[in-house]
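Each of the two complexes below includes subunit A, the first together with subunit B, the second together with subunit C.
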Partner chain A sequence: MAKDMMPHFDLYQPDSVEAAVDLAARLGSDGWLLAAGQDSYDWLKNRTKRTEAVIELTGIAALKGVREVAGGIEIGALTTLTEIEEHPLLREKFLLLSLAAGRVASPQIRNAGTLGGNLCQDTRCWYYRYGVDCYRAGGNMCYADTPEGQNREHAIFGASRCVAVQPSDTANAVVALDGSMVIRSAKGERVVPASEFFVGPALNIRRMTVLEPGEILTAVRIPSTWAGAKFYFEKIADRAAWDFALVSIAAAFKMDGDRISDSRLVVGAVECVPHRLTAVESAIKGSAKNEETGTRAGKLAIEGATTLNFNQFKIPLMENLVRRAIRGA
Partner chain B sequence: MADFKGIQVVETSELREGEARRVSRREFIKRVIASGAVASSASFMVGGLAACTPRRAAVAGSVERLISLNVNGQVRRVDVLPQETLAMTLRYKLGLTGTKLSCDRAECGACTVMIDDVTHYSCSTLTHAVRARKVVTIEGLRGPNGELHPVQQAFVEELSPQCGFCTPGQVVAAVALLKKNPKPTREEARHAMSGNLCRCAAYDNYLNGIMRACGNLAEISHGV
Partner chain C sequence: MATQTQDKLQRHAGIDRLFHWVTAVTMTLLLATSLLPIVGIRFPWVKIHWVSGLVLTLVVLFHILRAITVQKLSVIQLKGADLAEFSGKKPGKYSLPQKAMHLAWMLTILVAIATGIVMMVKAGTPVFHRNPYILTVKAWGILTLLHDLAALAALFLILVHVYFGLLPEKRMYLRSMVGGWMSRSELALNHDPERVARGE
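After this line comes the complex of A and B, so read on.
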């Protein structure tokens, strides 16, 4: 692999959100937003993507930290994953997010990597990352979805020409917690529910989120709705560190005695967006939180899954994770 | 760049390294003015000159930018390209070759350094993003008389390294761990060290070294 310099880019280091928004508006799609770069540098070093200019956001103090706001908490997009893993308030109320952040990559990547960058990272489909001209890169074929395509990591739901999956561990937790994304641009602010923030290939095959050029994710809001709920997070990967999920689950349960009164179940790495199990959530309402309910839920969860040549294992894996989440490991 | 008159320096009270950045920015502008060497240099966008005219031809080999970096307790002046990583700056500009560069992709840990006491992959850190922060490399861990850091000493005693290539990264990661958690269990250490690969698979030897360094002798294991 190349160990030379990245190709030249102009570097902008705004120190306020206003300055960043202004730059993002003026540079448009020529301005690469850079948080900690743990995803970005791969693209730039490999020359699979190029940019004229980089807007480096880590000097903006206003985009960092966890604060309590009316009705919940707000996490600055530039807050590091380590901070999210360790933050006492998050651990107390929204442990699910801390657990997910703590399972990302490696300690060093968590020390640098930001929540915003983790949520906005591009897919890991290796054909695409290798720089081939697949659909997602603007071409007219999918290299993963072919008889000999290496698609062990790819989707079992929601494929539409592209079969890549959403790689972010925190995305599933943010969706499970009914979070929303605060987005700023020169046009002002908009707030998008996390469940609508991520986009699949049917909607837009070229990007992973609704963010338009010129838009900056400034914060993630988590409402009090699920504060202190019963949480379950499990991520299955080939290695315990440094590896993306093969399948993961982020779950939250509200209990009424020993019955589940409400729940959120979000499965990771099976679709291009966090895969929420809405039908399962309604089906287990009022049921006991036990093995039996888990088994029933697992079966329901995998309905409609479509496999490729090398990812059939994701179906039993997902079924088991749903069962384990419900019975509590 | 056609003209430099339109520059407004964007400054807010939220600025994290307030003084450092402001000072360097002013100095830089002074330097630019003094040298007259600014024309067409893309690198000069470094420093948050948000109101600059954004479009101009980037010129190959464009002017490098002099910044101050706090490395191992010393402030070093160094020319840094906008796209330069800290590993490059340390090794090839500051001569600090103890920091190894291996995968260059945040996938091995050989390049681990501390920035404000926290471990980072220097191959995946932009040098311009760490101005006014404190960088500590393997070279910065020696004692005042050149003696080994207690972690290094413990690694020697436990024969931790094999080929030694990953060792600087392992030492820095271990030192950072003990700063945060002075007496980790072996399991905690294993978790904290999980961002440092060792091609020789000397993991247990490194963990023994850490257990020795922190005085958790009960968890040293020389079993086969």
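After this line comes the complex of A and C, so read on.
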């Protein structure tokens, strides 16, 4: 397989959202939406996925930048991860998102990579990415969940034939901040809560998000609900940089004195969607933010986890991350 | 066939009617969960599908056991002698089309169940340890094809079954599957009461 050159495709470089939407509508599933290409180029160059046409979105200025809007902020989908990591407004009000963006891959990738691309990237299951005909690729099999399957990085929650996990670091933060996704298409605009934006295999085994062909994620809105809250983000990976999470946690806490009045805890890389711990959030409401509460929450968090052959370690890892998030934020 | 009242004759026992309707519900769930996602109606269908399949398997096993031990299998068996109905001879409890429908259902459901149970090993359910390597990729493909063909056949059979069940002149069969009875005159009009009495 020739991997040194890109395969042929038609390249479209619209300079406005309207032009991009028109192109996306015209090309439908034949039009590959390209942000910075950190995920896309893998697929295309390896010939694992092919496309007739690529719509490169990076020339659209309206899709970049962080803006204050009524009730919160709006981040253009093509804002780079470095900008999100360093933006003063985000660091002041929504540090959680900055921390998450700052843990994506490496500085070089964050300089080019965008929030929209990070949120919409495909899963890292290596069987799927290698190009085997698994369920997610339209085939009739999962090769990761087998007696000999290499599934160290795979799901412990929400598996349904496919056991791949959501690889995005920023997705967990956006869900924890009650964010919403602004989606444009030829039919108009729709806003989807981040918690409903990501889809698991039980709902749609071929996709990671609700985006339909012809639809473009144009912005992410973060309401002021969690502005200035106590935040905690931690990502455990095999390497400190340029790696995907084995397990990560994004947490936000509102305090009433020394008691937790409200919280959001979202665990990454354990399910095909950001795994929100609603039961834990309810259980710790009114509790002190300390080791004891953290230990109790950790035990509750892992209830219902189902491991595969090689990912049992994710259970104590997740339990400890929840404990540390509550203790340490 | 026991007499209930002077005019009402029992056609289906309560347990057999229960079997029919449980089968109907599970088949509806199985077809809905398999076909609706294909036409774009997305919902978590896999669990509902295999649980319905297991319920169907259990009731079909019960039905087979009951048919072999308590009931007379020959009542529903399609035989060459049934062709005499074309020359005007009245049938016993079941007419030739009813026997043919039962045979078609039997084959369809047995194929769907047999292939579906093996496919559960691959799909990942609490019932079996997941292992797709028990068969080759080609064998899985054939198995899936058979399962899907059985599903399409079931869809066709349901359409035929419901159509004839709702026809005014056949509606007493639907009523008998709900209330269990058929009138003496209805039986005499459509069946040979003597053959019915002999258990044919």
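Following the convention adopted for this analysis, the second predicted complex is superposed on the first by the 325 of 329 C-alpha atoms of A that agree within 3 Å, B and C clash if a C-alpha of one lies under 4 Å from a C-alpha of the other, contacts with A are read in each partner's own complex, and residues count from 1 in each chain.
Quick note on the criterion: a residue touches a chain if its C-beta (ideal position, glycine included) is under 8 Å from a C-beta of that chain, and two chains touch if they have at least 3 such contacts.
This is a predicted model, so every value here is computed, not measured.
Asks: Looking at the overlay on subunit A, is there a clash between subunit B and subunit C, or do the two fit?
Replies: With subunit A aligned, subunit B clears subunit C, so fit.
Asks: After superposition on the shared chain, which partner residues are touched by A:204: those of subunit B (first), subunit C (second), both, or neither?
Replies: second
Asks: For A:54, decide between first (touching subunit B), second (touching subunit C), both and neither.
Replies: Touch partner of A:54: subunit B, not subunit C.
Asks: How many degrees, to the nearest 10, separate the directions from subunit A's C-alpha centre towards those of subunit B and subunit C?
Replies: Taking subunit A as the apex, subunit B and subunit C sit 130 degrees apart.
Asks: Mind working out whether A:109 is in touch with subunit B, subunit C, both or neither, as first, second, both or neither?
Replies: first
Asks: A:70 in the overlay: touching subunit B, subunit C, both, or neither? Say first, second, both or neither.
Replies: In the superposed model, A:70 contacts neither subunit B nor subunit C.
Asks: Quick check on the superposed pair: does A:12 touch subunit B, subunit C, both, or neither? Answer first, second, both or neither.
Replies: first
Asks: Which value in Å is the smallest Cα separation between subunit B and subunit C when the structures are fitted on chain A?
Replies: After superposing on chain A, subunit B and subunit C come no closer than 27 Å at C-alpha.
Asks: Name, in rising order, each residue of subunit C that touches subunit A in their complex.
Replies: Residues 42-47, 122-124, 129-133, 137, 140-141, 144.
Asks: Of all residues in subunit A, which touch subunit C in the complex?
Replies: Contact set of subunit A toward subunit C: 140-143, 145-148, 159-161, 199-200, 202-204.
Asks: Hey, which residues of subunit B end up touching subunit A in the complex?
Replies: For this pair, the touching residues of subunit B are 10-12, 14-17, 21, 42-43, 45-50, 54, 58, 60, 62, 81-85, 88, 101, 103-107, 109, 112, 118-121, 124-126, 128-129, 173, 191-192, 194-195.
Asks: Spell out the residues on subunit A that touch subunit B in their complex, using ranges where they run on.
Replies: 1-3, 5-16, 18-19, 22-23, 26-27, 34, 36-38, 41-42, 44-45, 52-54, 56, 58-62, 82, 105-109, 111-112, 240-242
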